[in-house]
Amino acid sequence: MSRDDFAPISGMVLPRFAGIATFMRLPHLSPAEAAGRAEVGLFGIPFDGATTNRPGARHGPRAVRDQSSLMRLVNGATGVAPYDLARVCDLGDVDVNPIDIADTMGRIERFVGEVVAGGIVPVAVGGDHLVSYPVLRVLGRRRPVGMVHVDAHGDTGDTYFGGQRLTHGTGFRRAIEDGVLDPRRTVQIGIRGSRYDADEYGWAVSQGVRIVDMEEVDRIGLDAVLAEARRVVGRGPTYLSFDVDALDPAYVPGTGTPEMGGFTSREALRLVRGLRGIDVVGADVVEVSPPLDPTGMTAMVGATVLFEALCLVAEALAVRRGVERAA
Amino acid sequence: MSRDDFAPISGMVLPRFAGIATFMRLPHLSPAEAAGRAEVGLFGIPFDGATTNRPGARHGPRAVRDQSSLMRLVNGATGVAPYDLARVCDLGDVDVNPIDIADTMGRIERFVGEVVAGGIVPVAVGGDHLVSYPVLRVLGRRRPVGMVHVDAHGDTGDTYFGGQRLTHGTGFRRAIEDGVLDPRRTVQIGIRGSRYDADEYGWAVSQGVRIVDMEEVDRIGLDAVLAEARRVVGRGPTYLSFDVDALDPAYVPGTGTPEMGGFTSREALRLVRGLRGIDVVGADVVEVSPPLDPTGMTAMVGATVLFEALCLVAEALAVRRGVERAA
Amino acid sequence: MSRDDFAPISGMVLPRFAGIATFMRLPHLSPAEAAGRAEVGLFGIPFDGATTNRPGARHGPRAVRDQSSLMRLVNGATGVAPYDLARVCDLGDVDVNPIDIADTMGRIERFVGEVVAGGIVPVAVGGDHLVSYPVLRVLGRRRPVGMVHVDAHGDTGDTYFGGQRLTHGTGFRRAIEDGVLDPRRTVQIGIRGSRYDADEYGWAVSQGVRIVDMEEVDRIGLDAVLAEARRVVGRGPTYLSFDVDALDPAYVPGTGTPEMGGFTSREALRLVRGLRGIDVVGADVVEVSPPLDPTGMTAMVGATVLFEALCLVAEALAVRRGVERAA
Amino acid sequence: MSRDDFAPISGMVLPRFAGIATFMRLPHLSPAEAAGRAEVGLFGIPFDGATTNRPGARHGPRAVRDQSSLMRLVNGATGVAPYDLARVCDLGDVDVNPIDIADTMGRIERFVGEVVAGGIVPVAVGGDHLVSYPVLRVLGRRRPVGMVHVDAHGDTGDTYFGGQRLTHGTGFRRAIEDGVLDPRRTVQIGIRGSRYDADEYGWAVSQGVRIVDMEEVDRIGLDAVLAEARRVVGRGPTYLSFDVDALDPAYVPGTGTPEMGGFTSREALRLVRGLRGIDVVGADVVEVSPPLDPTGMTAMVGATVLFEALCLVAEALAVRRGVERAA
Amino acid sequence: MSRDDFAPISGMVLPRFAGIATFMRLPHLSPAEAAGRAEVGLFGIPFDGATTNRPGARHGPRAVRDQSSLMRLVNGATGVAPYDLARVCDLGDVDVNPIDIADTMGRIERFVGEVVAGGIVPVAVGGDHLVSYPVLRVLGRRRPVGMVHVDAHGDTGDTYFGGQRLTHGTGFRRAIEDGVLDPRRTVQIGIRGSRYDADEYGWAVSQGVRIVDMEEVDRIGLDAVLAEARRVVGRGPTYLSFDVDALDPAYVPGTGTPEMGGFTSREALRLVRGLRGIDVVGADVVEVSPPLDPTGMTAMVGATVLFEALCLVAEALAVRRGVERAA
Amino acid sequence: MSRDDFAPISGMVLPRFAGIATFMRLPHLSPAEAAGRAEVGLFGIPFDGATTNRPGARHGPRAVRDQSSLMRLVNGATGVAPYDLARVCDLGDVDVNPIDIADTMGRIERFVGEVVAGGIVPVAVGGDHLVSYPVLRVLGRRRPVGMVHVDAHGDTGDTYFGGQRLTHGTGFRRAIEDGVLDPRRTVQIGIRGSRYDADEYGWAVSQGVRIVDMEEVDRIGLDAVLAEARRVVGRGPTYLSFDVDALDPAYVPGTGTPEMGGFTSREALRLVRGLRGIDVVGADVVEVSPPLDPTGMTAMVGATVLFEALCLVAEALAVRRGVERAA
């Protein structure tokens, strides 16, 4: 396969609504097939078994694949052309076990481990937000990564329902405890909504996590938020985790835990585009829940943010490649 | 509370769309409050964590409660007036753990145990079909019960996904293995659809379960099906388990595992009404999945079948009471 | 205007989805403009203020107009070509007062009075079922008419909510009391569902109304039902009142008071077509509620039944015309 | 019942999607049971009989109850913990008469009268906007109250349809005429849309009502709007009436009279939170219409604004209590 | 690739909602890759440019692929195991030109020509019904094929809109005129609905087409219909064309030209299964229109009928193979 | 007909949900009937045959008509009362040929030609965006017009799918090539989204088209955008073409080519209102796709923008009339 084999089918050759739905209309290869050939791998983690509220995110990857046909080749705002910068493919879905959380965590970790071992930057589509945890366990194995986390919820709770430690609201606490996520290089943007108790985010803050809640966003403005994010993560390897419920439910009705008062779509795009230059080593887009999304527009948001994340990842990869070559 | 306190609020006093939605607009009492006073208890089991396919049935009890406001007081077809025959109430929902199957099985069993210990006949609304299993474990504790099981699927598989024994497709196998369900007094009606392998129902048949699949229904007709059901369960205590996916998806789009070619609503009503005279000691209606049910008509079917099941249960109770008095 | 001016625009001239939506793509004339020229008038009564349960039928006429574009020129089953038999037009909507029942009853009666005075057979689209009452007050003014009433509910209750006499559940009782509807020439077909009390239909039966409930339909079959309907209404002038909730909710989710276990669409068509030969002097189709009808298929059923009713009315008109000419 | 008995069931004990849906998962008591014990009462007024356009708001209270399960215990933006400040419960729904406006006005007034007589601050969920009128008649009985009114429409019309004085567009004119609402202490925020005539708001302005229309909001900004609102209502007892159609239809498609160009959800939250310190003595949230709300997000907005209103009411109550104690 | 490479991924290995959606979860190969290796090829023709009424069928193949994940391995009613009988794969979609009918007809014909040249039996998913025409042009190239055509409409019109010869209502006339479809071996089942003129089907009948309209179906019953179908097509090579609008809109709301009064799903299944033994040499399922199908149940019907058609095709292939071997 | 005959039916006479749906509840006249009497004509162009992606806009005119009942008489923001300034009517729909682009272009051009010849300013509702092209061919026949074009896409592509020149993405290029649209007096506002290639808008810019993309909107603000628009179009005759996909999908989910990150509704209103004073000689609102719009709010946006465009057109007409009189 040549470089052209790792790029989308053109909408001029096959109409955009036609063809088997892969992410961005990219070729589908298994991690084994892609190893050593692809540079960025998009894949689905169709698991929502850790959802404490409304389920459905297990259907997210398929819906995002379907809507991603609307994405074209070049980023109109930044000019980035990701398929010119990297060989990209669809790696399919992780073979999750829908009714066993621990088993599934292991399966995701093995899948991502194989991807990374094959020299491929992982970009995942959830699924509920717990799926970020095993990805971080792979990426932060040698040294903890930093993270830009865009979300309405911090997901740093300890336990649910009398002791459950693995839920979609506790994943990042586990990642910090495991030493794969560096809390002092972690920034959470967009946190909002009513709380279980006044000190819900006390533990995270005590670990060094920087929380920019929605009130602060309104107060300081997006440019300052972006500057703060860059300050926190610095130059080290950084993960981008984007929960679509960061946006207001008007933009993303199809998500399990909606919170009134979120980002507009334009703010969300500015936010992701504003991360250019950070060394993004992996990313995910999670919590798209198609049964709650009658118009498909939540999945469309998911697909667009995925495209933006791909642009970040491809650029960062090109920078690292340049640095290596220079070295 | 007098007998009138265990009957629905009249639609002439409070319009049917008004008021807090309880099952049938009945009073809400906890199992502890109802013990020794109510005779039949309707309750929800909002759990779909054992679903191997499309989730959402955890939202079933609320949606069935909402639609059950459309039910009035007297069965128009049979003349049965359940609230004249028994004191009925809404017992609320079991406090399930949405992300732990085994824990939830225990919680359901404890809840139903308390209900039955309080002298109350349990009538449950799911939730996915695994929720029948712990109910059966209570009802069949002393001696195995028989069952009329209306469903598109037999739910007697052994394991899923490499060893999972507790799924919504394996509950009745577990119940038979546990000795709480008598396979020789079990009839399954409406089975259909494509199969994982040719011998999918071999184990159940070998245990003595009588399967009347949809092709047989078409061949012999409903009257013969009902006669066969009566023959199988005989005079002993019998459970009614009704999975709404027994009906065709045109009637119940809002369910997780739809199969083309199911019962019409009129057949379904004839089927349940035709069970009058059987000693029904408990019942459930399961697999209503509101996120997949934009018109609410699946929940309306659930509510109507629940009303019919309540009529069966109340009549059977009155018969048992008469027998006791006569004795 | 020539005869051709009282027929639909052809789908070969203007595509069926195009153009301003009138009933059957017919010309729109006010009752005053149509008087003495049109012979059958289709009109809307967008009123749901007498609904005791779920509202929305006020939007029925527009939705039925939209879907009626799907109707063509000739009845495929009976061969009747209504526009060859009669000059037909859309008379627009009655100028109802959405928040005053009594005022609206007067407005409907005046509108229909003008239609009938203009020599036009009235065919109405509701709105809730109370709208039939003022139509009957016009048609039965000189002598009471008979009625074929297809419905899940008898609508012969006395009062609601402490004395309300004009509701969508009491209209036909009022019509009988007023002497405009002959109960002994009235047959109600398809009645079903749970009841407020065991004797809900006692009054109607005591007046001589013949009720063929759904259980009897199942028992005796449609041919016998039709024979009985003909026997009851005989040769006298007869009104056809068709509540779409006679059909099962699978066919008509978009109606305010759905009842599980209704007619299939094929039965409904056979039922209406089977009334050929009766002297139908007016008709209505009611209770289409678009906000509850996401696919529009309930309105499509309404439009199709409206077309069938138009065929009946046009044929009966042609017969009366022939009789007059012969006389 | 202790204080804990007047607080929501925790989502850690019973998952948030489980259990009978009361407002905020609070205990349900009748006004008689709550009198002298509860301090704030949430209740529904499921009436839409005064709607001049698209109906459905009668189903609002149930849908808001369902979505209010998403609300937790502490306001994340303000830190207010309402259940620490006041004993709160769900008082059920007013027993409206869906087809008689005047009768219903009396029923609401009696219900609210009993609530207030029991020492409980009333917080209502509509229903159409006319339901505010009888609430004001109770609260302003001794002396007229002021009002912060957030809405796309002023609802100060005189009559509709040839003389109808009680409609959802005329309620506040009636309240001013009755002397229960002080127009000089009334501010209307968010008014917009096309008008029946150029002087539609002339009467209101002539009475002293301060109208901040959407163009002014855009011009002066939210901070100035809030300052103006505080200036108008001053320190006296003030009612908060929030019509969800103040928000743009993108946020609240499920409402009867949508107007393009409304508030964003973040502005709406800032607006309500910005009223802290005003002596709020009652509140309502109206015009949520579930049949027009396929994703439920309009009801979610209603539930969130209800939570914010509850925070205002509980704080104001605590302040009054403090003042009384100090006195 | 071994035989196992041409069978679906098991739902026990990868949950049925997971993975890239291909037809039946089969491997995806281009016609060139599949030539000489696969025996049956499922493919999509995402074209609705010939639709004269409501569009959307261009999205059909993707939606059918998604729902086809619900299909398992063995036909529960007939016992046929298609993947044991034939090597099957997904050939992707034809590269249609959405805005040029003639160009698209050529593209389909070339695609199917390549499929057939590769020794693969074509089974297509539409798209609108015109897509059958170029398939027939390939299959009937040497000698005209017979056809079992299940549909509400005959699709044998001459022209639309002043001369358009290629529309979704005229395809079979073109096929007969071209000599690729044998009208005397063609049976159309389920025709119904209002007509443009009384003689709409005169031409087809004059050519020898046997039309079994819905009234005849009701009169003679399905067994007689099936016997007649077998008589008409005889032993020669036969095409199966299944328009989902043959079913009633209650079962298939998501189709462009719904007609009240269609087949139930059970009748539809009996109809297709009843064609066993006919020499089916190709098949299609058309007119699934996802934008009109909010629950996805129309696509589910499409997927199930596709599975049944696959069973017919695989059996017929096995019979032909056996005959060849015996020869 | 008097001036009053060219104004909407009042919502006080006939409720707004009642009556046959014409644009703004205006009288319906054919172009021939309206010639010389009406001054502004609203009409539909129900054509989506040039759509390269998701179809459905053919149903736009009907849905916009239905929602336009919500529009009242006076613009609340600007005070403009269009029916006092001009005689307005609904001219019905162009008789498009849904399956032939070239034929339809001719039909539109003839229809608009007749409208303009009758002294009527044309205001069209699409349909897909290609429908603007034949309108421009009429309006720019003598001298090219300028244009304010609000859209997410520039629609100045050359060809699609191997040579298709007439698509909804190429219309304005054709208009510029034909010399009916002056590129140096054309401004495109709101362009955004991913691109087929980096130079997608190179041709347009080379012709002199001024593109204000969404990033520039964010950078310079709406006031500057409006100033720039006025500068570009100057005092000459100018067309307004408004594609609803200029708004964010949260506001307009029902459109064929949604792009994340669009205008809010308030910005869109400010944008159109800000064009007062420009000599608007015609306008269109396009790409409302009802099958993708379950809540109808996209059509409501279309109706509101249509009302705003009507205000612009009526004012410009009054200005021209005044100028003529003064001359």
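All chains are identified by letter, namely A, B, C, D, E and F, in their written order; residue positions are counted from 1 within each chain.
Following the convention adopted for this analysis, a residue touches a chain if its C-beta (ideal position, glycine included) is under 8 Å from a C-beta of that chain, and two chains touch if they have at least 3 such contacts.
Nothing here was measured: the structure is a model prediction, and the numbers come from that model.
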item	value
Chain labels contacting subunit A and also subunit E	B, F
Labels of chains that are neighbours to subunit B and to subunit C	D, E
Copy pair subunit A, subunit D: interface residue numbering same or different (half cut)	different
Selected interface, B-E versus C-D, where C-beta contact pairs are more numerous	B-E
Repeated interface matching A-E, over half of the contact pairs identical, chosen among B-C, C-F or A-F	C-F
Rounded Å distance, subunit A centre to subunit C centre (Cα mean)	56
Subunit E and subunit F, separation of their C-alpha mean positions in angstrom	41
Where subunit C touches two or more other chains, by residue	15, 17, 52, 54, 58-59, 97-98, 160-162, 248, 250, 264, 292, 294
Pairs of chains in contact (touch as defined earlier), listed by label	A-B, A-D, A-E, A-F, B-C, B-D, B-E, C-D, C-E, C-F, D-F, E-F
Parts of subunit A lying in touch with subunit F, wherever the complex brings them together	10-12, 15-17, 70-77, 79, 81, 248, 250-251, 264-266, 268-270, 294-295, 297, 300-301, 304, 307
Subunit F residues touching subunit A - in the complex, by the definition given at the top	52-54, 160-162, 191-198, 200, 213-215, 218, 248-250, 253-254, 257-262, 264, 292-294
For the subunit F and subunit C complex, residues of the former touching the latter	13-15, 17-22, 28, 44, 46, 58-59, 61-62, 65-66, 90, 92-98, 294
Residue ranges of subunit D touching subunit C (in the complex, touch as defined)	48-52, 54-56, 58-59, 97-101, 103, 160-162, 164, 166-167, 291-292, 294
